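Chain IDs A, B, C and D follow the sequence of writing; residue 1 opens each chain.
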């Protein structure tokens, strides 16, 4: 791939200084099977107090991105490119020691499965207190009190007693609350939540998401919420990044992306997801094919082998040319904005239900207006010239 | 079961069943092993004819006086470390029958008579040990009288009396005493087999043997009365199995582990299967012992050392290994080559004969035809049987049933085995073809050890060329002899061996070939029942002249081999032993078939 | 995924870092394409593991050597039974080869075996044939037992599980080696009249049966827990809901998914069984003369090494190579079948 | 917790009773008569009968077994001698009860097992930890290769070779021998050094491989990653989290290995002429000393069962999930 030289799309500037800024991130690791290009030229920003949702199928590079931010990749096999700036501090070249100071302190992570992300050998109190003692230098006693306090905050009843319990004595939802308490014990400015609700019952899911938002309001943290479930981000996130094969393919606010998705992949995601407002008679339409190998991703648009709309793009551009993600709101696709709007409104939205059709119609009108501007020659030709 | 046990296996099992204390008339003294070892096999005849024969005689009262002839250069002091294969298990004299046990207990147990060995190991004299002389016979060798030396004491200081001696023989009749020799019990009760147990149940229930059989008329006199003449009683009593037991201290089973000493050493501690520590017996008087010395302060006898292990230790000759010996372990047959051909190691070897003679015994109940037995014998690869046991270090090929240790021994070879030791399957096949017996199935029972497996496989291979289908039956080592002793049994041939209890044919021919002694548990495993042989046995047994009977036994043995062929001799056992270079007085004792323990010292 | 363990250190030399996938140009890896079956994928992965391939070749060579022992013997013109040393006077009076280095010569490539001078080269081939044959038979028996019991216990659960697992516990409490040496010789002596030589096949059968009796439990436990975890998986639940019979679920859903643990356990079990059999032969309770046997060669070797160290070399070196090759193969097979497994 | 232990102990007892019954039954099925062995040279039917009576083998099998089991707790009296509790039978071959033979031999076996275990635990587990921590580095490759090589070693060629080189070749050591620790600690140590080393070599490979793969497996565990994500230092994560998780498997394996070593390292003891239980069991099978074999078998089984129970108790200590359920 010679895409290193390509200009990076910059994220939507929604005002305010970005607390976490990822620029042109490349993550590759060598395996027995070859080099896996897990993340390929990714950029995004997150501000304090806001939540960025990252959505994609498994293997799209979303979890890798976040482990890389925490610096928890295996340095022996992983190559990192680009930059990660947290609150003005460059992380890609940071030492393990510096990272250790940041982890659990300035940035915290919540893992997917509360059943496995707590050590069965220690009391929850101890596990919550550990990072607090380490990062604040608090006494054992103070740390213990802090643990009780945190447990209370995340809604564990009788925290003073339960602090002495072991994880297996808690239910799944309660454990995830403990994990959140553990992540938030040092008031981190950045919380990375990797599928925090996937392993939980639906009713519990909502509680946990509420808790996360509540905590965010209290501490003013930035949250990166990784999920494969558009429903989760719809209610929780402010901004949305859709990832496919290690790249961002669509970006925008939650509102924008869900109302008027521009990338065929996002359409596919929406189509494969049931909705309460949808007519039950409408069939779910899964995305055909399987995610591509990251060892040897397809040329051009990585989504083209699964895309139903390649014939709308002139020539073999989908196969030969990599579409760029524009700054701010946008999608990495060779379809013109009007094509996108039209195809979505006519081809995709009907399968998603009435609400979607209405939204799509709005979006199409807006796109048509934009399209007039697009007629200005040369405005989109820079990419073609590269061929 | 395991490899290194097996090196010694044959001997052990044999010893356990067979007696082994024989008087050797020939002896190889120390050294020179490396030089003769190689060609020994091929020149068996020539070598043996060169050997010095010494007469064994029954000594006099003067011979029976202590102290023992000093060993030249002997020094006092030090504790000798010895490494032995396994614990002899029993220390009660009445249970002593194996070579290893006889050797070790001779340090602390004494009997009425014993063998006094000359310093070069070539002359043996039967002398009075506890007794003042080797016994006085009267009434046509039916009554024997012994007098105890005066001043003899047990290790606890109490005097040894004739009552103790009488007790020592009475207790052999007890049902718990099952491992020792049974000659005296049978002779005293005039029974055969285990009949003596019915004659008298032993003294523990308060009954003693009547004075008409065994009496102790005073504190120092003991009189044996037999119904038949027993000219060689002094030899019989010299077996350590007839050692004395202190009556007051006899605690039956417990005594077996802690016997009371009357020899130069006494047991300091014994931990079963691991170690036997001996210290000086302060109540032993050298002036009253014509046989033993007390040069060392003590013995530290370690059990559980394989022949491989002891061979490695003693080859090493450095550090503690230079001050050690193994009384009983021979050189590991697998290392004998290296030991005997490396002059620096061979220097520290002693060699000698053991009283054993190996045979492939035919079950004559099944193999009735002499011609068939002859054909099998001609085909038998006796050299390969010897090779399996360790080759030149394990023995010399045998032409007849007697070991060179026997009095009056002559080499004979009626079937030409020494000329064709690998067998002559072609001739055998021709004979069998004439008998229409080719393809016959013959079962060979063998003791399941690696060496015997090898030998059995070799027999199978060679006999196959003679047109004989040999079926191999391996029998666990521990039950081998009890299984082949069963009458009748299903085997056609067995590997067997026999060692004389003393160097006269009467401990070979009658037990092995007396047709009236065919019974389960008896030793006539060939089931030979030849009226002529039976008659001759009675005739020779009645002889009172030992020299005359020795020749007669030899001749009868030749007759049996030539006319009856109950088994084909394989080889006569020899033993090579190594010792540490700082140990002095090392002599191979042909009677004990091991190193003589009573004369060792540390340089 | 980011923390995927590094390539196996042993196979690092063979890791094709930075090279393109194989000639067919098909992509594969952590994210599989539908067109390739898991088995094919594993095989592709395995083929790139040079250590694994080398081990495979070595292991195949051992099997081939075992299978073709008679052919080798024919081509080489000797057999492991003839006492060449005795017949051709190549031994000294102690039964050791006269020539140095264990009697190695152009005629006897690996020398002669004391004390009769059998040919070591063919003995080794036939010996491996015996030992590997017994090892393979044991491995197959143990795997079959474990699969059956593992399935019964794991899938049916309840009292079946209880009984199977308690029996396994019970048998695991037996001192294994002692049990073998105490019972194998005794059982071998049973059933045949004292007139007839106990056939080698019977001895071998007894050996296999007794060893099998006390060796299946560990593998059965592993397979049981594999079944247990499978039982809870969605596809099994789904099959159950769709009304599939137990037998069908086991055959169609569970068994195919147990291939990985079965293959891996089998590969690791075989060398263990071969060396265990050799150990018993070494202790004298295995295969008897004159049948050549690898383990008994160690018995002979350890007995004669003071005078003839050369004899020990061949069985020792081949055994080391055999065990290493098989274990490396086992590791590679596991890596190939289950790339996420750590080592 | 207490209930757990009691249940475990009862289970162990049942296993032991079953094992004794099976072993007894198997011995009874075996067509060899132990009495024949002590019957001596002129064995007759009547002599055999006396011996049978002396050994108590003239009773029906279930009665014999019953007496045997009672004897373990209450002791027995044989006409040939007394066998105080715990009576595991009376060896007619050695003319002593079996129990003192076992206890007499036990110090050797225990010394061998403990010394060997200490070496292979320290070296094997240590090497595995280093390899896991430095995964992919040179030291890992060296450790892995070494462990594979050691893993392929068999005691029956390693033992003789070690003796040939260290004792007879270089004269660095004397022959291995057992000296009681209480008599001479240094002699005990030096005397057992080679057996320990050889025994340990056989195990080191397996332990290195096991430790390494267990730890690497642990590194993949979410809770270990979580500990890293909390900012805990690398050693802290390694020892407190990853190691803690690997520990229980290592303890299980060690418990199994150690109990079988205590039952007698047969080939090792034999190779070095150490008079422990393993060597005794070979001797006993060799002589068909059935009471002794039976005794060692039961003793060995008891060790295994006791150690399994001990492992479970260890679990309860290290794993709260076991303790609190």
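In this text, a contact is a pair of C-beta atoms (placed from the backbone, for glycine too) under 8 Å apart; a residue touches a chain by one contact, two chains touch by 3 or more.
Heads up on the chains, UniProt names are B = Solute-binding protein family 5 domain-containing protein; D = ABC transporter permease.
Everything numeric in this text was worked out from a predicted model, so none of it was measured.
Student: Tell me the fewest steps from chain B to chain D, where a step is a jump to a chain it touches.
Tutor: Minimal hop count between chain B and chain D: 1.
Student: Comparing centres built from CA atoms, which chain ends up most distant from chain B?
Tutor: Max centre-to-centre separation from chain B belongs to A.
Student: Could you tell me which pair, A-D or B-C, is linked by more C-beta pairs in contact?
Tutor: B-C
Student: So which chain ends up closest to the centre of the protein, judged by Cα positions averaged per chain?
Tutor: Central by C-alpha mean position: chain D.
Student: Please compute the C-alpha centroid of chain A, do the same for chain C, then give the distance between them in whole Å.
Tutor: Each chain's C-alpha centroid was found; their separation is 49 Å.
Student: Quick one: chain A and chain D, Cα centre-to-centre, how many Å?
Tutor: Chain centroid spacing, chain A to chain D, equals 55 Å.
Student: Cα centroid separation between chain C and chain D, in whole Å?
Tutor: Chain C and chain D have C-alpha centres separated by 25 Å.
Student: Going by the contact rule already set, what residues in chain B reach two or more other chains?
Tutor: Touching at least two other chains: 1-2, 4, 312, 315, 476.
Student: Could you list which residues of chain A touch at least two other chains?
Tutor: Expected reply: 72, 76-77.
Student: Can you list the residues of chain C that touch 2 or more other chains?
Tutor: Within chain C, the residues that touch at least two other chains are 3, 6-7, 181, 185-186, 189, 282-283, 299, 302, 306.
Student: In the complex formed with chain C, which residues of chain D make contact?
Tutor: Residues in contact with chain C: 15-16, 18-19, 26, 30-32, 135-136, 140-141, 144-145, 148-149, 151-154, 156-157, 159-161, 164, 209, 212-213, 216-217, 219-220, 225, 260, 263-264, 266-267, 281-282, 285, 293, 296-297, 300-301, 304-305, 308.
Student: So in the complex, the part of chain D that touches chain A is made up of which residues?
Tutor: Contact set of chain D toward chain A: 135-137, 221-234, 240-241, 244-245, 318-321, 324-325.
Student: Which residues of chain B touch chain C in the complex?
Tutor: Residues 1-4, 6-7, 37-42, 308, 311-312, 315, 332-338, 340, 381, 383-384, 387-388, 390-393, 422, 441, 443, 445, 448-450, 453-454, 456-458, 460-461, 470-476, 489-491.
Student: What residues of chain C sit close enough to touch chain B in their complex?
Tutor: Answer in residue numbers: 81-83, 86, 91-96, 114-116, 181, 185-186, 189, 193-198, 282-285, 288-290, 296, 299-300, 302-304, 306-307.
Student: Could you list, by residue number, the parts of chain B that touch chain D in their complex?
Tutor: 1-2, 4-5, 17, 83, 86-87, 89-90, 175-176, 178-179, 182, 193-194, 197-198, 252-254, 256-257, 271-274, 302-306, 309, 312-313, 315-316, 318-321, 476-479, 482, 485, 520-523
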